[in-house]
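Below are structures written as structure tokens.
Next come two complexes built around subunit A: one with subunit B, the other with subunit C.
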Partner chain A sequence: MMATKAAQTKGGTGRFTQDEKRRDSDHVSFLKHRGFRWLWIALALSAASIAGYVLIDQEPRPNGGTWYGYTLGTIGFGLILWLSLLGVRKRRINPGAWSLKAWTSAHVYLGLSLAVVGTLHTGFQMGWNVHTLAYVLMLLVIVTGIYGVVVYATLPASLSSNRKEMTRAQMLDALTAIDRQLESAAQPLGRAEADLVIAALAQDVFYGGPLARLTGRYPGCATSRALKRMGGNSEETARVGSLLERRRDQLAQIRGALRIRAMLEIWLFIHIPLTIALIAALTAHVISVFYYW
Partner chain B sequence: MAFLIRTIDFTAAGREIIRDRIAEQTSLTVGRAAENDIHLPDLAVEQHHVRIERAGDGMLHASALGTLGFALDGRMVMQGTIDPRTGGEIALGAARLAIAAEADGSIAITIRQIAAEEGKTDALRGFALASVLPSKRAMSWVLAGTILLLLLMVPVASHLLRTPTKPDPTGKTPGAVLLDSAWSSGELSVKHHSLKDNCESCHVAAFKSVQDETCISCHEDTGNHAPMPRLAGGAPALSPGDALQWRIAEGFGKEGPLGCVSCHSEHEGPVRQPAGGEAFCSDCHDKLDTRLTDTSLANAHDFGKGHPQFRPVYFASFGAAKPVRAKPGTKPVERSGLVFPHDVHMDARGGAARMALSLRQYGKPLECGDCHALTPDKLAFKEVKMEESCEGCHSLVSGRTAGGGFSKLRHGDVKDLAEDLARISSGPRRRVGPVRQRPVQIGSASPAYAADFGRPVRAYIGLSNALSVGGVCTECHLPTRGPTGQADLMPVNLPDRFLSSGYFNHEAHKKEECTDCHAADTSKVASDLLIPDLKSCRDCHLGATAVKTKKVVPSDCAMCHAYHLPAGQWATKGPKPHYRPVPDKAAIASLAGPAGLKP
Partner chain C sequence: MGEIYTVAIIGSGPAGLSAAARAAALGLSHVLLEKTDHLSDTIYKYQKGKHVMATPANLVLRSDIDFEAGKREVILGLWDEQIAGHKVHVKYHAEARAIRGTGDAIPGSVQQLVTRARDGTKSVRDIQRHAPPYAIELANGETVMAQNVILAIGTQGNPNRMRCPGADLPHVQYQLDDPAEYVDEHIVIVGTGDAGIENARGLAEDPAQRNTVSILNRGTEFPTAKDANVKALMADHEAGKLMIRTESETASIEPGFITLTTRDGELRIPCDRIIARIGSAPPRAFVEECGIEFSSEDRSAFPKLSPVFESTAPGIFVIGALAGYPLIKHCMNQGHDVIEFINGNTELKPADEPIIAAKFASLPGNRSTGEWLEFLRTNVSILNGMNPLQMREFMLDSEARFFGPSEVIFERNAPGSSLFGIASGSVAVEVNPADPSITIPIEAGSIFGEVGLISGRRRGATIRAAEDTIVVEISRLAALKLQSQVPTAKAAIQRISIERQLLQMFGSGLKREDVAALVEAARVEEKRAGEVVVAEGADDKDVFIIRRGSMIVEKAIGERPVFLSYLPAGSYFGEMAVIDGSLRTATVKAAIKSEVIRLPGEGFLALLEKNPALREKAMKDMAGRRATNAFIESRKDSFGGAVDLYSETAQFLVDNGIGEATDVLLIDEKLCIGCDNCEKACADSHDGLTRLDREAGRTYAHLHVPTSCRHCEHPHCMADCPPNAIKRGPDGEVFIDDTCIGCGNCQRNCPYGVIRMDAKPPKKPSLLQWMLFGRGPGPGEASYNWRKKAAAKDGTPKAKQAIKCDMCSGIDGGPACVRACPTGAAIRVSPDKFLTFTKLTEDAE
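Take a look at the complex of A and B:
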């Protein structure tokens, strides 16, 4: 015990020390990784870029074609290619002297500093051309990335509270259970009411497009429609009505989960394709600049 | 109070078998053991799993008997309450116990075996947003493919496959390369705007920077400031950083720092080429003599502090073929061939003034503008014409004409003068005053009979008198002898511009009096060169870094000099033409030849 403690204080390389270190780091967010190491590196890169932009006399005016412009452009190009490799890195589950957390931390902070480097590379000259297209794509990728970091930090808690200790499978099971009861409870109903129940049961649990998922609005929900139109005051219709209400509530929970999940995932559907589009636009940008040099 | 227990089974053929039994009791047990009220032969079910009993208010209470829970309406619980009126479902293993109230008040429990659900994990995929959106990979391919096709492949392919044409500065030839306007990094300058759809007129070859020869193919008239070797020799050595940059740039085929595009950068918006600043000029001209030891140009860097004295061009000897430039530090004596004391003409109390007062076209003492008229471009002065400016006083009238007007001697050529004088002596004589004549008097109606063949010697005497000292011509001209000894006049020689390497706009100085700069009112002889000196300009004009006041005008080099043609001014503001005065081709040709000739 004494020995291990001594080793710990000395920052030794004992097995225990290493394990403790790993256990500690397992619970540190990628944003705070190693005392915000990559945040500081990104800030330094941004500050250096801005200082260079302000201090270096660029003739006749700052733009991507001065030597400083080419320098910033090269840094930005390298950054973009490296940042886009996160997708490759995270699929490589193999040992090596690289930490996915460090890589993610660097991805976030260097990605933010790319906005500074890229903007200075433009020299604030915009137009309807492939160069500004690449710049706008880059900004969109960065903005969606910022959104991604924010939702990853905030939404999982609400996803958990929405579940109410049910798994996704249980949510679907609960709905199936209600559906079976609904089917038998609806047996005495007349044609019109029976059709409403059929429509409600026939509608897919995951009915609705991406917009419905994101907003949580399902104007075509057959269960809501059945509830609204279910007439009659008989005991049978009352029973079906209360079952429909239970069905609606269960759907609401599932749709709540869908909504949070959609908000968690939607940015990737912009971030990733726009990154690939950005690399294409960047290729066209670099080649065109030197093609018409 | 009874439970109606209904078991639904299926035969091997799929037929439904429904068995009903009634249990008259208030609680039921469910489990795998045979003694249970509801016996479920399913290993996933405990021996005694759940008890269902009546609670108050017609509700049912279900509770787990062991440590294993059960699913109530899809949720795993240890106990729960079911309202039979709305119903509920208990799941135990593969069995589903649907509980509902019957019309007679009894409670029906319907037991049904559920086939193991397959593809449940597939159903869970529906929770992912990916189930309602196109795949990221597909979107990536479509977007990247579209961008690469439209913005890279189409322009490159059409550039490679095009038939090269001559650049068209009017921009009327439609661009042969498709979609390359998307490559333009910014609008072209004002002058090149017509080329905006014709990128390949400047960007001739792929991956090759814009070459000087391409510029010169249209701008063949542009003067070159100085021949290339002189420019290269006169420029100071580049800083190590700049030298490295240019070495890299030239390695990639860029023209050097003296190439057209190093100053004339394009795609910077619809602007005009700005004039070079004072620093741009003084980079080379400040210590030019240290690099170009044989140069005749003096160093210059700031008009207020370091600018050489003006060296006007003038005719230093009578009848010289070419004007010469004044030597520094000398007082030029101009040999124009004229006799013209400015002071006599400008003296408001002198004889010239008196005479002008008596003449209708003047009516007051003479002013500079009576003889010196601005050119239409308001920059310089027209040539003074004797007939317009002098003849009002210095009359050449020689007699009356038949129409009642005056005849006069022609000015400008001694031969014309000789003819006119001869006509005075030999032609039909008109009486100066009207004389009453009788009819049929000889000579009045028939000029042929009125010929007076006077002695020709009178004409020679008249000419000789006019041309010699004291004659009418020598009022303004210097007498001389021609090649054969005949009386003649010194030809008049005045340069078109005295300051030939700089630009002066008289219109811009119209608030000043002429005599503020030109000491004409005290000049007694025509040999005085009345071009102002540097000092008189510096009363107002100091270098670009001077502080602007009511009197002091900070003046950079470009106010009086332009780069390609130093004799003019390149103005980026105001109406066209932006280069003034408009250069003629001879001036350009005499300067340094076409631009861009390599050292």
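Take a look at the complex of A and C:
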């Protein structure tokens, strides 16, 4: 064992070389992965599709039904199925020496190139049918995906700043600690003021609907209301007042985290169901095309 | 004075119990002294239902009482029953305070007791040893007489006692078993470590108990307690649940009251109970007072023992954890054996005989175990100073190996912290990686591999056997034990390591004779984290080599220190001032606790004089360093912000322990979307439990250091692992194997909190089943409730074991956390590669 194991098994130090490369690698985001490798591949695919569309004489007119149309359609169909597999891939990390970052990078750029491939496949023929439905669904999926790329690239820094080194559990613990102090500090208050504090304490931390989550506006926030209406200038009310301010700030941090997380995730609730709908429409599209061939 | 027993056994842990049972079975007159009112206090204090393990599995149990892995309650119950069945004479509430011989003074047998005061002064006291029988003085004033004494008191020690007037009153206690026991009391807690804080919080937790709890703090900070505990205590104080009295000390205690000295003078407050949690004293002082010598002044040293466990005080035997054997099975076997020895059975072979015999089985030469041990002991020079018992113990942690001519013993860049001794034959060191034909021989009797042992870094060169060679591979643990037991071995290893480090450092062409003078003049110095080794502007002229640990180089630019570079173990510094006679151009200080070799400047210059090639290399290195410094200084003028960011980020990383890391997970929070896919992938790659906590940990300039193993050069977790279950793997990963007994030592020793104790949950339904039918908890770590339910359904309760990152050893593609990051936020880096200007200031986008 110990040192000699590395010497005996070939590749014991092979992993070392691999590890050293990893330890020395620059930290590069999914967009820049390997010098924009997938961007270039996607651009090449798009350029080739356009060139083919322009240069190949399609009879009677550019259409999904010509041989070139079928080629584009097959490429597009294959891409859509492969792109949808990202959801499986990210949940199944082993076995295989692949990185999810490379997959995300490819997903983003190839997904964008699909807009070109898919559009050329239609031959710009639209109608009120299942074929156009599939096309529209595809565009919607791509648009939501673009939103996803934008928020992934811009929001993480604010998520980090808002966190201030606290975990979600710590944020809730901090609120609980404030609440405990607030409860004892509110004991000497009069009925009206005490009711305000009780209402603030009774309100669910996660109160508020999806709209409140996304906008960060909580008009019914009992803590803000208590702060606004807290009258009197005795020592007790001043202490409760400052505790309420701390509670408001702590809530703001929690709600800020919820808001950013919601913005980072909301699009997936459209992107994924639309993808499933797209695959269904696509299946109908393919079957009907072959049925009426 | 009553009966004189043949043996008195002090301590009723596994070792003491086993000894007492053997004595009872042999019909020896005996007494078992236990300070509490129950047997085996250490195991008794384990938490309820704890699964106690029985390792090493290949060691046979030789004892009159039974033991196998199981629940604490079952084991304690069985022992109680069997001790009663053997009619063992147990004396409870019998705490030994002193042991002294009552026979004649033994001529020439004097024990020197060295006491060190806090200010570093030493005082030496001589104790004349007396022959048996021994008088054992108990805390209650009784005396027990015995011909032989077996010390089986473990290493836990006794709690430190309060020393103010009234400290011996009955309402002063040193332990708190059940905080719910006390109601309506004024309670004062003394001691601000974790134990004191936890006790105070426990007593104040339930307002219905109506306790008035205060905790005394001599100062204003809580430096010895965990951060989470301190925060919780502060919150309780603010909430009015308890009171922290800062800058307060106990002046005196009387029934119903306590008097404190505070900043504003004396204060007398009501007090019904005092709970003092002020640490515990290791048993060493007590043991030394008995006339037992330790092998060295090292804190980790063990008593000097003969092959039959007899200490330097004739008739006093030491077994169990105090003798250096922390595992239950070892302890029980020794209890059995020591009684056999006392009873005159000299033929008894130790129970570990088959284990050691197996280690020699594959060697050519057909020697017996005893002969092999003697062969190694006499042929490897650093082992000469050991006795046969030490040799056996040493061999348990070591391996003997045979290598044929040109067979590789280890390869360059392989990780390894073991030391090799050549018992016969010789080896060849490939000093030039580009040309394996250039080698340096190392002859029989010498050692190699010491750099890995000391610095924790990878092997510097490939080493092959030059002929038929037998080596002994000494694990890091055994090597450390050896050095603390045999001072000459320590000196020899140190000398050889300095010499080799010099040869390796300054490259080819140098011979042992060239550096001999420098080796003689070299001094090894230990440096605290943050200690300055070289100060900018000073005109001292020594050169330093980092032996272990790492250093950071700083320069004051416009009042503020700017981080210049990070120096890992093996690098040298300080040569600039020597070569060109200038003042020190930068400050070098220890990033973590480190050791440096100090070489006198003149000696270094003399070496350069004689070796033009070396001089050239040194000049080249120096020019490189100058260029880095100049680059950062020039940047400072034009891009001050970037340099500040670099400097502060580097300092932040060093403060968070990156300096001792070999492979650390960092998260760029400008890219992290908080999906926790890293944690999920970790759990799915390792038995369903995640070994990292993404959110926890510190962040600076959006660079986050999550709670995850850094695979330290000298892992703190390895320091005290009873079954030796923590090892460094072939790819440098520090991992815990299946022999873990779940004691939690590593978790307590890890300063970064990356080790968790948990039971492996049963397997989850597959991903496909979850996606299609919603079966099971889905990807990632299942909730505690799911795991608990699934484990209950599974039937076999699993013991909690220590769990930590193993760098996804054996998994194709490397660490899953990095591979599973969709945006590239998660990276694993090493400090020597990452703590550079370009890496730290580059934009991730």
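Quick note on the criterion: the second predicted complex is superposed on the first by the 264 of 293 C-alpha atoms of A that agree within 3 Å, B and C clash if a C-alpha of one lies under 4 Å from a C-alpha of the other, contacts with A are read in each partner's own complex, and residues count from 1 in each chain.
We adopt the following convention: a contact is a pair of C-beta atoms (placed from the backbone, for glycine too) under 8 Å apart; a residue touches a chain by one contact, two chains touch by 3 or more.
As the structure is a computational prediction, the values presented were derived from the model and not from experiment.
When both complexes are overlaid on chain A, the residue A:Ala177 reaches subunit B and subunit C alike. In the superposition on chain A, A:Arg168 makes contact with both subunit B and subunit C. Touch criterion met: A:Arg261 reaches subunit B and subunit C at once.
Once chain A of one complex is fitted onto chain A of the other, the partner contacts of A:Thr215 are absent, as it touches neither subunit B nor subunit C.
Within the superposed three-chain model, A:Ile279 lies in touch with subunit B and out of touch with subunit C [touch as defined at top]. In the superposition on chain A, A:Thr74 contacts neither subunit B nor subunit C. Once chain A of one complex is fitted onto chain A of the other, the partner contacts of A:Ala157 are limited to subunit C, with no touch recorded for subunit B.
Residue contacts after overlaying the shared chain place A:Thr104 against subunit C, while subunit B stays out of touching range. By the touch criterion defined above, A:Ser234 reaches neither subunit B nor subunit C. Subunit A residues in contact with subunit B (one complex) as well as with subunit C (other complex) are 168, 177, 180-181, 184, 261. By the touch criterion given at the top, residues 71, 73-76, 85-89, 91, 96, 98, 100, 110, 120, 123-124, 126-133, 136, 139-145, 147-148, 151-152, 155-156, 159, 180-187, 199, 203, 206-210, 245, 252-254, 265, 268 of subunit B touch subunit A in their complex. Interface residues of subunit C facing subunit A in the complex, by the touch rule stated above, are 235, 238-240, 399, 401, 408-411, 413-416, 418, 449, 452, 458-459, 473, 475, 663, 668-674, 677, 680-681, 684-685, 693, 695-699, 702, 704, 727, 730-732, 767, 771, 778-779, 807, 811-816, 818-825, 827-830, 833-834, 839, 842, 844-845. Contact residues on subunit A toward subunit C in their complex (touch as defined above): 1-7, 9, 12-13, 15-16, 18-19, 22-33, 88, 90-101, 103-104, 152-153, 155-157, 159-161, 163, 165, 167-168, 177, 180-181, 184, 261, 264. The touching residues of subunit A, when paired with subunit B in their complex, are 60-61, 63-65, 67, 125, 127-131, 133, 166, 168-178, 180-181, 184-185, 204-206, 208-210, 213, 235, 239, 242-243, 246, 250, 257-258, 261-262, 265-266, 268-269, 272-277, 279-281, 283-284, 287-293.
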